[in-house]
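One structure is given here, and the rest of the page talks about it.
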Amino acid sequence: MKNTFGSNVCLTIFGESHGPAVGAVLDGLPAGLPVDESFIAACMEHRRARGDGLSTARTEADTVRILSGVYHGHTTGTPITLTIENQNIRSADYEKTAQLLRPGHADYTAWAKYHGWQDARGGGHFSGRITAGLTAAGAICLSALQAKSISIATHLYRCAGVSDTPFAADSPQLLAQQMEAIQQCSGFPLIDPSAEAAMQSEIRKAGANGDSTGGILETAITGLPAGVGEPFFDSVESAISHMAFSIPAVKGIEFGMGFAFADALGSQANDPMRWQTDHAVFTTNHNGGINGGISNGMPIVFRTAIKPTPSIFKPQQTVCWPDGGNADLQLQGRHDPCIAPRAAIVQTCAAAIAVCDLLCTGHGCQWLCTDASIL
Amino acid sequence: MKNTFGSNVCLTIFGESHGPAVGAVLDGLPAGLPVDESFIAACMEHRRARGDGLSTARTEADTVRILSGVYHGHTTGTPITLTIENQNIRSADYEKTAQLLRPGHADYTAWAKYHGWQDARGGGHFSGRITAGLTAAGAICLSALQAKSISIATHLYRCAGVSDTPFAADSPQLLAQQMEAIQQCSGFPLIDPSAEAAMQSEIRKAGANGDSTGGILETAITGLPAGVGEPFFDSVESAISHMAFSIPAVKGIEFGMGFAFADALGSQANDPMRWQTDHAVFTTNHNGGINGGISNGMPIVFRTAIKPTPSIFKPQQTVCWPDGGNADLQLQGRHDPCIAPRAAIVQTCAAAIAVCDLLCTGHGCQWLCTDASIL
Amino acid sequence: MKNTFGSNVCLTIFGESHGPAVGAVLDGLPAGLPVDESFIAACMEHRRARGDGLSTARTEADTVRILSGVYHGHTTGTPITLTIENQNIRSADYEKTAQLLRPGHADYTAWAKYHGWQDARGGGHFSGRITAGLTAAGAICLSALQAKSISIATHLYRCAGVSDTPFAADSPQLLAQQMEAIQQCSGFPLIDPSAEAAMQSEIRKAGANGDSTGGILETAITGLPAGVGEPFFDSVESAISHMAFSIPAVKGIEFGMGFAFADALGSQANDPMRWQTDHAVFTTNHNGGINGGISNGMPIVFRTAIKPTPSIFKPQQTVCWPDGGNADLQLQGRHDPCIAPRAAIVQTCAAAIAVCDLLCTGHGCQWLCTDASIL
Amino acid sequence: MKNTFGSNVCLTIFGESHGPAVGAVLDGLPAGLPVDESFIAACMEHRRARGDGLSTARTEADTVRILSGVYHGHTTGTPITLTIENQNIRSADYEKTAQLLRPGHADYTAWAKYHGWQDARGGGHFSGRITAGLTAAGAICLSALQAKSISIATHLYRCAGVSDTPFAADSPQLLAQQMEAIQQCSGFPLIDPSAEAAMQSEIRKAGANGDSTGGILETAITGLPAGVGEPFFDSVESAISHMAFSIPAVKGIEFGMGFAFADALGSQANDPMRWQTDHAVFTTNHNGGINGGISNGMPIVFRTAIKPTPSIFKPQQTVCWPDGGNADLQLQGRHDPCIAPRAAIVQTCAAAIAVCDLLCTGHGCQWLCTDASIL
């Protein structure tokens, strides 16, 4: 299964940046889940470019058309197909430099893999635009999870060198407030909105220099019961990381303390447990809500490293293809100077798909649409 | 597929720490690959505990028995089954504290998932011992890759607060020397053997305090042709991370610059290309040999964060199960004060399995056992 | 993977009979295969209803739109998405009897599975119309196979009680002529066109009585090299039968002598072998080209039993849903009195997908688009 | 996944006829299911050869060793590994004719696929002996289903030209009695035990002539709720046929009326429905309990065609390998003159695995081990 994610809730995404349409097929959700098209549209809006110097000037309506699997506003239990037509296409921008492979991009690897048959216009299948289908499909999963009191939110933990307040992973109450605050943001998704101005200033500065910047996204998942995930191969970490690395520009992921575990002692890393009515709670959450690959009932917290957009306007050394030889590239086109702010909703929606798949594999999808508590 | 990894080269691992045996089934390798039992044994030896204050006193011969799929020293093309009998078992150590869940371990999540039916002795299916089967199976893949000039090595990038020299990711020649040096190590796998004494001293210090330490493993894969991996979901990063998080104690992974991308500019992160005969080479390797999820012909380099062993001998707050209530845990048993040194070979072998699966999915497994150059 | 077929060449089909569109995503084909839209259209034409008393009066243009994965007339290596808009919809026909479950149909099982959330109009996701996407996708696979000299054809072995000449399974030369003859048929796909008149007469007679008839389809696959398929679970028989039972109305499948093996002696059933230059040929083909689940180089021959269309116009005993109680059903709507003639091209295209998946799993997809002989 | 069956309950089988052991890994069953080793042994006993002129003289104890996944007599939720050591091996029988490929066997296709690396002794991985692991694993599934009132039984519908009474597919009460009678059989599994003498006489006659005979197995599954299975690709028919063709010698399968549908009218094929309290019942069962790929609550009934054992002692025309050239084969060794009687329990156990997978995919595996009625 090359371009499909999941064992029970399965997502296939398709499309090329300058082809007729991009989209997704989401299969495996149970019948009877409400599908709110305005909620899908709201998620698409968070992902949308604004052409404001912070994101690409290619702005599109990104209207999602539901071709199958939804009837009378609910899932039917059959594959849900979503398409988004491509509209604001300016392939001419790319033709000028089509033979010059863009460093940091998939131009060279696409040639190596597809031997020249790829649709290279606008990055083709490697364009961030392909995440439009992922976002639309993930929005449906996100709704389904929210109905079972499972919430997911992502903020700009760090962007262009400026940090937001981190998630309070060990305090479910404070974390809930932080997640609520992020969802209220009309601009960048932040816990501390005062960081926005500095981030935007740094992004604009990089953009003005023909350069780009990166960041770190932090995602929290709350309400997931203990006992989800598998000990090997289909652990919560494996499932989420498998999905997260499908978001273009993600180059690292860490759960809980992550790389900070390296220098910690076991006595600093273990999370003490206390008994509460009929289950355990953890007084800290260094493990990010996961032990042995399985959720422990605490919030799942992970961070991903987002590399700076490779499309920069500074001259770069590159090669010609397929004729060979060296060349200097002076890029044309419309590009984001920082992809991290738009990627936040993609990561939230991607995580929702992974969580739905984990739940449906472990507990059966019917659980998602019944009043039953998890087994 | 809960406890199985891979699409075309598939690994299933099984066993419990104190059950009759652990092992693995490796399916999908082509017929005719040489299987060198002494090489498997050498990999097992790297993983073996020595009972020297640096690793657990549970030391076993770890003899690998091949039940199927190998004939006259070569793969037959049918499933390869490997078993390793459990021998040096002291379940009594665990019985004393069986009702007290160990913080940082999977004891609580195993209860939540399996409702008490799990074999909890010695960590059961969550024991690091289950990686014995993974290592043996990976050793076969490692041999197969080496025959096609694909090499993999892992060193202790950092351990117990002490750093080794990092891989020279952008210099294939120097990197080859480093990988060779690691394979020559009789002790810890290091590029700079002089770091060993300080690491061991720190580990022993932690162990003497009843505590444990973590580390960072760095793995390099060289010789992998450009064009391997898929743009979405089955990217090289997705496949390797999916596998890596199956190694107990891994809590983070990063490729190339990884989390350092967050604060870099695009002009610092992109890897310039130069033409060489009939293909491109990259003058730097910030992207860790992967663009758009697909190998670019440069070395693949990634690092994983290894958390400190959760089994410590300091008193810890925990809960009783299934009766409930709080308790103080004073752990018994035999445990590693630092798992990172033994995990290095596991990570190498795990990566070999993931790479074999990626190659077989993209190019067909026959390539592995023919003289053909990759398509 | 609920609505997806395949391990390496994967097909997902979607849509409801009266929804916006039906279609398919075909993933895993290598880049560079020619995609001939007129050939796809020709296959769709074979499947199309004609409203001539032999097939349903719901006739549609069935224009296939390619949304992704094809560029400049060739596959790009990324998912190929095909959609076919639904046009000639008369849902009103169904509303009159929507509460009365049609015997022989999936109406009751759809309720049992989807709890009333299904889109039941026109059979919804259970309509034969969903095979439009399967046919379009299979046409692409069929082309790819033909370029490697692998041919597939299906004829009406038996229809409405009238038999065609059977395939000469053990004579590749005669079989090739028979397959050529079938492809020349403008009407029913037959080896002996003289059978058509009697078949049509019987179908019209059944239709005039408000009844329907069934048949048997026979498919031959030639040119498939020896060595394709797996000994267990992914045998050629398993793969083809898994796919064939996805064609609505198929209720049985047999390979080679099939059920006639039951009364044969081993000495009558075994196929003797003779040496020819560098490989074996079989002087008979009782095993339908498959031994131990693996192709033996002889033509693959199988037959499927097609049940009579359940949509008949005679009064039938049924139940009301969801209110319960018995009722008599007098069906409305437009239906085929015999689905077998239209199903022949569907079976050919379905087999093409299964064969592509088998080849790509065993030999790697690149083989399909290179000049290389199979390994 | 080459040698693995299933999406949620997954079976991998391994081993070679003359290797150290055969076995299976069964993954995905929930924790807490009772595992009765004596029931497994009883199923193995039904499959066992008796060396009585009706089955091969290679008789073995077939003791099943459980290596993992079972603790205190219950499943732990982790992979269950079963091994059966090979004991009564006489490889010398095969060496005499090792270069002469046996017609009807997989000898030639194994060469074509594995290029000579296969372990050909005793048929290697293609031996019926590999079904020992399948049977042992299926016995565990069969127990789990019985605890939920789902029963499966298989009888010799026809063997060596002699017929048993067929299943009363449309009468659950009579069918239950028939299934009970089959389970009481100490000899051949038959509804009408009086057929045994004639069957055995015909088998012995064929064996005495150095020949072999085939048969038809009929399997019934009762108690399966309506709503199990998927509309396309993972239909009940697809899942069961995919599994059934993994039993060596199966060359055809039909559900309900099967091939008899071809000559039936729709009015004869549809099953009328009547209302009963809160669900529908069908007054006939021509569709074998399946509509649109989904169970309808009636008994599932299917038949498989078993070809005569290819190992016969009459002289046969064959070829030499790898040297080429024609030869006459006079087979040595120990073989069953009819495999159908021993295959019946294999088919029952195989069906149990397929049904467990269908249930766990649709309803979640926890259902299998709780008191909950199906959702």
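Order of writing sets the labels: A, B, C and D. Residues in every chain begin at 1.
By definition in this document, a residue touches a chain if its C-beta (ideal position, glycine included) is under 8 Å from a C-beta of that chain, and two chains touch if they have at least 3 such contacts.
Keep in mind the model is a prediction, meaning the values are calculated, not measured.
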item	value
Pair joined by more contacting C-beta pairs (A-C or B-C)	A-C
Farthest chain relative to subunit A (centres taken as mean CA coordinates)	D
Centroid spacing, where centroids are CA-atom means, of subunit A and subunit C in whole angstrom	38
Subunit C and subunit D, separation of their C-alpha mean positions in angstrom	26
Euclidean distance of C-alpha centroids - subunit B vs subunit C, Å	45
Where subunit B touches two or more other chains, by residue	1-4, 7-8, 13, 78, 113, 125, 231, 361-362
Contact set on subunit C toward subunit D in their complex	1-5, 7, 13, 101, 103-106, 108-110, 112-113, 125-126, 130, 158, 161, 206, 211-216, 225-235, 237-239, 241-243, 245-246, 248, 250-275, 278, 280, 282-283, 287-288, 290-297, 305-312, 314, 316-321, 324-326, 361-362
Subunit C residues touching subunit A - in the complex, by the definition given at the top	1-4, 7-8, 10, 12-16, 19-23, 25, 27-28, 31-32, 65-69, 71, 74-81, 83, 113-115, 117-119, 124-125
Parts of subunit C lying in touch with subunit B, wherever the complex brings them together	7-8, 78, 231, 360-367, 370, 372, 375
